[in-house]
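Below is one structure, written out as structure tokens; the observations come after it.
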């Protein structure tokens, strides 16, 4: 159980080298296989997630959610995907065509790139960067550009407003997000995600860094454009914000990307604060799945409970509350660490 | 200094949060609203013209369709206007049942208000809980009149049918559960800090402006003016009931919301008293089959609808059809202040303001 | 103002306005009938001196040769009521706007313009409100051709 | 504390998500619970209708219309066809309320959508059974009618005979004074029509007969007086 996936990978490399490939080429082929696996994981996850989101919202709202297609409506998402795939791809005449058409592609590519560094189990990491966290944050912030592309390219005022909101919001929340993670980095002493997981062998960082966890969680919600921070989409005000003009598969790609981001950010949350793949009994890859899904459920729960915050409150909340708090937490962590070292407890 | 152009953004008529076909043309400066122009008429059905070719009793179902969220109230106002003009007395029992139905309508309309405000502010789930509870009122309407929303239950000279036995139990159990429901709204919606930030101090309307612009109903009372037609000029048997008029202080969206929430409780009080005092007897007086008010008779009758002062101005010409029927629609006149309270706010405040002014477009466009 | 007295008010008004003002009554309202050009003055007096601050209803009635404009006034919170009636001829359906006295007349006058075709002099934005801008005719007039 | 309201809201939604989900009716499989008075579709019972037209006059939206034909024999309106154009129906109940024979009523059928506009219209043609029934009714009616007529005729003849035979005794039933009876007898004997009328009235309506008899006598007496004067 525990080493299924790593064993399979090892076997593949061995087999390729047995065929006469050099070690470098064998690794390259493995990388491609891993990418394909990630795409598969992402797709499966999104299918499950959309179903889950609808079920959760249904249950919260005293409804049953999808319940017609398959057991408990499990095939509903697949039917929806087929519907979206076969829909006409409308490109409005006044759009900036190339930007309009490529925005969803960029978005999905950026989202999938996030998975490169996430430790999906013991030794199950595509690339174990020594600056993995930095990579994650910087790639994650690229999605802002994709939303801006979508909003700008659509040549629609709603889309434009949504895109501008997205940019303002995501840039402002990136900072508290990064700073709140720095506390964890200080304790773990590494930007390498696998190191951070190992550092939580005895105690989860959520207990050492509760303030950082809260600020991270809030900032991550804003980063993901999920309720109550779904400003770029804000269906009550902006109809569908940056996605207003999109139809069919392009629109679906945006959703795919959003849910991909959701999984990635939740997985990072589990990695940084909840001990990553570590856990008793079950195999490591199962543990991270369980943790990630629990965190995602909380995201959904929040989305379906809270009203949307106002744009200016959102900005002032980020700059006036979240940023100072996360900075204070950083300073506190620093002092705490020094204190512990001075006392000789570390 | 950075200079940005102003631009126009069209909220509606097809838009997720415009309560029907409302079209607001907002002149924006970034996220700030410079001005808002309201365009109406997307639900215009020319009901006033229709009335001129329908007999007096035939207009009742059309009146139902004015404020379809509280359909007993516009029909009540219309029937009372005709009765007042003709000098028709309504039997006691019918009067009481009318009050019960009207107040249930008010509750159901306010529940929709709370729910739609929640959903307009992004809290989708709030709507569902309000609808769940409104459903019980709808069931009661179905029980009594046979229709859920557009009941056309009032008749000139009384009501259409007596209530069935099952109605009393349903009404009592609804009233018993009401405090619990309101607790839930308070927990989910009222108490939510994000929502409070969204509507507190937003869309403030001064008392002077409110009166000058003819704003009535909960929107006027939110400004702190104690003016409820049920108290000021009691119609029907409203002078027999004991109830308070909830008042706001600032006239902002938050006050408008709270006033309506409190009004639900007051309506429940009225219903309880009416149920206790409900006499037995006729539900409809004998009214001539063809109603012919004399030529030159005219009347302006107004009631406190869930949205405000709902008035009917009827001119008779001696025939069996009204010569002229004008509906003074509270939603129509309340919407006039939307630009005033939205100016200088944010885009999202327009949505909140529309939601808390609580217009129903069927009534405002007629 | 002291205790409001409708009789006293009517007498005062009658004295001031003289023959221009005609007072009529039925079971529900006291009607002040006046010519179009004196309307703003009367409205101003009613609002300022007698505290009729709530213009509840403004509407027009088509009486073949003439249009009658009816203004139902109430005072908040004292709740006194009076109605003002103005007749204008069909050929020249014009009268002064009272929007600067009662801002609430804004949309109601636009509605009367839209549906009845009465033009209010001095209204800053007298355009159709319920019907589309390119609509021909005024549907509430009795001579408007209708179906059904 | 800031955030308390948020947590409370979360708790409420959390509680509700584990509630039993029985609020939503799973419609096509499960029919909604309709109240007894629910107004679904308007339906019409042809046999009960007396073609009075109150429903049509009451309808605000010209939904209802009917075709009638004059029955040659009884001069009664006969309903041939009744149309309910449901697409304009407001379900306001005004027609049903005033129908004197309850031939219009609302059913609980609420699935009213159709593919074509024409299908929405409900046309009720006169069922042929109804005509057959009516015809049968009519013949039996006629039979009873003739029998009754025969009976009446016999009675009348008997009465006339009786008056002819014994005027004093029979006419005493309507008049008191002997003198008056004599005068009346004289009048009736003189005029056969009057005799037949009086006989008929005596069978059907004694009060009227009394009045008429008195009038006859007075008139006769007056004429006699006049005659005497001359």
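Labels A, B, C and D are assigned to the chains in the order they are written; within every chain, residues are numbered from 1.
Quick note on the criterion: a residue touches a chain if its C-beta (ideal position, glycine included) is under 8 Å from a C-beta of that chain, and two chains touch if they have at least 3 such contacts.
It should be emphasised that the depicted structure is a prediction, and the values quoted were computed from it without experimental measurement.
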item	value
Closest chain to the centre of mass proxy, which here is the mean CA position	B
Whole-Å gap between the CA centroids of chain A and chain B	45
Where chain A and chain C are represented by their mean Cα positions, the distance between them in whole Å	63
Separation of chain B from chain C, taking each centre as the mean of its C-alpha atoms, in whole Å	25
Set of chain D residues in contact with two or more other chains	6, 9, 12-13, 16, 23
Residues within chain A bordering two or more other chains	60-63, 304-306
Per-residue overlap in chain C, given as positions that touch at least 2 other chains	148
Contacting chain pairs - touch in the sense defined above	A-B, A-D, B-C, B-D
Chain D to chain A touching residues, read off their complex	6, 9-10, 12-14, 16-19, 21, 23-24, 26
Partner chain B, residues of chain C touching it in the complex	26, 28-29, 53-57, 59, 61-62, 70, 72, 76-77, 79, 83, 102-104, 106-108, 111, 115, 128-132, 139-140, 144, 146, 148
Chain D-touching residues of chain B, taken from the complex the two chains share	54, 57-62, 64-65, 125, 129, 132, 135, 139, 142-147, 150, 152, 160-161, 164, 184, 187-189, 191-194, 196
Interface residues, chain A side, partner chain D - complex	56, 58-64, 67, 301-302, 304-306
Residue ranges of chain B in contact with chain A within the complex	7, 9, 11, 15-17, 31, 118-126, 128-129, 132, 188-189, 192, 194-195, 197-198, 346-349, 351
